[in-house]
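As written, the chains take the letters A, B, C, D and E, and residue 1 is the first residue of each chain.
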């Protein structure tokens, strides 16, 4: 267990390298728009998988299928955590209970709540109090609030957001909000952490910070991560495995090196000018 | 947070009233509430009781509308369920009054949950109008039921077999006096419940649904369940307000629970402050006291300046409208915000800026 | 069959009146996202003003109506300027509440000036019954249908093709972005409120012509507007018209075919409304909210 | 506010609430003027044995909460009797006034209020709603009709006469169909198709003037051949004016005599109004009702004083209950209260609109 | 053309965000404004375009001059009329309007209505993809298409000065290059002056004629792109280069963290 962290952040029972998420040939259409056609790939425990591709390629839609926000018309998404769950039949909150947490492309925090409350909401599935014990703030409700506060303090330390604990997130700067959103996902003690463009709109210093947090979570806690990111520098450096989408079709899948050399990927996404932007 | 106060445990950092100043303010308010009935006549007590009931109802509505973000125009209908259940049980079946109240709360919660079902699919104003439908349907159902349009006369409330009207201790007593204690006890419990609710799991989930429902669901909140729970909790408390009103007034009539009631309560929570428990109370005080003051002004003028007095009825309605407008134009976040600003000002005083 | 025809015609003509009231409401919503609870009171102001100018001041009806419309436009502008403008950017529920306050204020002013005593409305609209295949409908109801049809066409074109119309929809979508286009949000609101006020005056005149000048009959028409616009879709002009006609027809059929003592007429539209909303959560023609994460 | 100043011997306080801005303000306003003007006139004429009446009143906009508040406020200020207004507030205060022992009169003529077992402190001046409707049915039966309908306001006020009238019609071999009129409806043609199908001959209206006028206009446009009978609250000048042509031939039942009918009791009102530059014709029937109601209440108070008793609620109640055959100068039938019956008025008179004016077509008819 | 002198901006009467901001944009040039999150870049643009008011912000000190005239007290609509157009952060297209209606909304302040059609075609020429989707509801466009639409919408106003707030945000690398080349074309072909706020310092410095770096409400560094590229801090914190000038790996960042010099 990493130093200075008294809780298990990763809730997956799998061993590194085990098959965790199996996306099997999924199709998704909105009216006339075919957002995903026959996309399939696998994610292994404790790996960082990056999904890249041009805008509108269907990256977010794919992850929305994993979260249960969209339901693919065909194909299946299976999740392993000792047992096998078919995610395509589940509602988002059920999927969260399996230990799949995520952040969003355009920051979807609870604006009027404080940082602590946002993080505490991340603990939702671990809290047991109900409306009665909560309304009385009695017994379990009180105990678990305090216990979980301790857990959150660890995350706060990890993400270096001590000074803003009690601030309403709506008033924070963009970069800090992105961090809080990561913290909220971590609070769930995820087996699988999904990050949708966590570094968009940051300069390289801030990206470094973010990369540091992501690597910490992955390397020291062993959390499996799927990340969508347009910054090829970040993607190539931190991911173990990259999947490339274009117009809803998978056009590349492999290690960073393999993908960088794939002509289809170069044509559709990276551009001939190999300079990384 | 006040400077110079450090908390060494999470418990004290998470306590409701974290500083001595906050605690003293509470003691002061409690003291005023306890002393008031011994000095007020039945008119002031009527007003105070009305404030108490409105505050309870407003907290109920605020849980749904202010905290969970589901605008409700069905408040009147839900209050009616509470009032009728309590009233009819007492009047027709002879159930003791104190027992009718929890039953009424549960009944209202059930009906409220039922009408909360559309919230699965409806959002914002579409949901608001669905709750307006609840209002209309409940009212229609009451009138077409065997109860009909006639008022239900609720038997006088008794304690130890004595009717509250007749129960006296020294110079104090009467229905208004005793009901004051009943209402404020319930109000106190309601406030405590609501405040605690919003610092624990369920309440937090409500607020999360209001702020960003998709994110809440992805974090594991079962939207449908929690929305229904919010409808249930809210209507439970609204039912309490209805039941208390019915018992206190001794008569239950649907005309008291029309769409105007729904709008009145919305005004209370907006003026008080959406998503604020204390705001619900401030709103209740404000919305009950202002018309009373205006009407008293009218009476004051009636002998000295009859011409002005004649304008009072119109002015009263105009002022009601104007107050709402001015409030929202000047301080859209309501009385709770104004109160916070005042506190901030004094906390930092003399270094206010 | 005669009865069915009668009920259909009655329903359609009454529905056209609801549609007229709903139009102004939708217009304001489309431009500014504001639910105007005071729409019924604009009707009231329109009707009483026209009454005052024609019956009390003694102006010819055309002049009286014209002045009433001008005053309504001014009122719309004043309301926008003093009441709604400061609330730009505030939570929608505050804006709703402010219109509730406005409703109260407008009512009290009307009562102050004219009292609530009913009066005969100057009958400049033809009201003799017209016989259509055995069903009879007073002529003034047909005016409502005609007016609704004309406004439907005008507004649909306006919002689809005119620059001001597009600017209005843009403003409703994103006020700040609209500002950044150089669209004067205030001007847009003022236009929307003025047009809404004018439709309200016209509707008020028609309603008053039918019911005579009765404070509560005229103002309570405003309550019909909610099921109508929600049914049609809050931001849809055709929705307002079709919603109006549907509610009108429903009320009429219910009034004609169900046991009268049940008074189903008051609730039936609401029950249908809930059922339709469960199937189409944004009404029949309402724009779906775009929620992408 | 006035507070408790003034001491017992000075003035006699009576509380009142009026609807000046609410749902029934069109009739509430002239009624309130009748009440207030009576007090002014009465005080000008010396008051009760030198003591003046003091009316503390306010608008309650037909809101029950407001009514309750004002009522308690006035009780605290020492009123001995109360003038209410509508059915809602009268119902809501019914038990309360009994506990507080405050005699209560209002413009709500629900029959139950005439029963002292149910409502010991309520006193009725107008003929009970059911009683009025029954008289109207009798009138129809006498004219050969057997199919009746009652269109009524969808509220306690509106439904009040339905059961009684229906029972009476059925007992006499006739039928009675019920049509609630939803508030805010502007067209009743749909309902009229049912009236036509059922072959109804008489329509009773228990509603206020505006919707009643709309209904008769619909009847005319639809070309339905029925006799309309307005009950208490649409039998007034406003209805005649709003209905216009469609109102011709409509019958109206009223417990009170119209201004201009020549009833002796109207003279004092008209004189008073003339002295103020107005006239009773202008103020209308509701003014008469207001004035008369306050006058009867005052007569009860006078009797208490005349009997040498202290002016208190129970004493006023006792005084009223001892009064019978109170002469109202032919505005109504002579009024009688007793300990077992507070419905003092048991007669109505029928009027018909001819040339836009209500004209008497019967004498005062006692309820069958 | 545009000059900010010692501008101070306060939000909600309390939060001081710009603390004496000065900046100059010469006619016909592309000026880049860089800075970390929360430095106040967007606030600067909003102060210029008059969009602070709806957010409860206010210019409390200093002045903003456009073509020699003070503009910081003007309404947003009038600022646009004078020829300044801001493409807001986060694209902010009108979701329920279709592509073409969005463009028409952009032309709102134009008095020469007859040329609007023609300019729509100009936009389509720059962004052929928009032409394909002209009747599509903007809310359902992909991120890149929305960004194109936002820039196209700005072109419709024919501004003298176009201010772009993070146009590369969330765009794929190819598209970023495409958009920036179009920005340069617009600058050259239409003569539009451009003030560019960017996080992507590398590409911003590529297109800009001059650049400012701001931190914490003030300008901390200015210069020609070439000069800035030589600055050690810029290299490290904005360009992500290590001491020897090659890109450092994000894998390494875990192990050290250096602070900027100009902050202390």
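Note that a residue touches a chain if its C-beta (ideal position, glycine included) is under 8 Å from a C-beta of that chain, and two chains touch if they have at least 3 such contacts.
Note that this is a predicted model, so its numbers are computed, not measured.
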Topological distance between subunit D and subunit E, in contact steps: 2
Pair with more cross-chain C-beta pairs in contact, given A-C and A-B: A-B
Between subunit C and subunit D, centroid-to-centroid distance (C-alpha), Å: 36
Gap in Å, rounded to a whole number, between the CA centres of subunit C and subunit B: 32
Interchain centroid distance [CA atoms averaged], subunit C/subunit E, Å: 43
Junction residues of subunit E - those touching two or more other chains: 140
Of all residues in subunit B, the ones touching two or more other chains: 143, 214-215, 218, 314, 316-317
Per-residue multi-chain contacts in subunit C, two or more chains: 108, 111, 223, 263, 266, 292-293
Contact pairs between chains, per stated definition: A-B, A-C, A-E, B-C, B-D, C-D, C-E
Complex contact set, residues of subunit E against subunit A: 34-38, 90, 140-145, 166, 169-177, 199-203, 236-240, 247, 249-251, 253-254, 257, 260
Subunit B partner contacts - residues on subunit A that touch it in the complex: 67-69, 91-93, 95-97, 101-102, 104, 108-113, 117, 120-122, 124-125, 127-131, 133-137, 141, 145-146, 149-150, 166, 184, 188
Complex contacts: residues of subunit D adjacent to subunit B: 1-2, 20-21, 56, 58-59, 61, 63-66, 68-70, 72-73, 75-76, 88, 91-92, 94-96, 99, 154-156, 158-159
Complex contacts: residues of subunit C adjacent to subunit A: 292-293
Interfacial residue positions of subunit A with respect to subunit E in the complex: 30, 33, 52-57, 105-106, 173-176, 197, 200-209, 211-212, 215-216, 230, 232-234, 237-238, 268-271, 273, 276-277
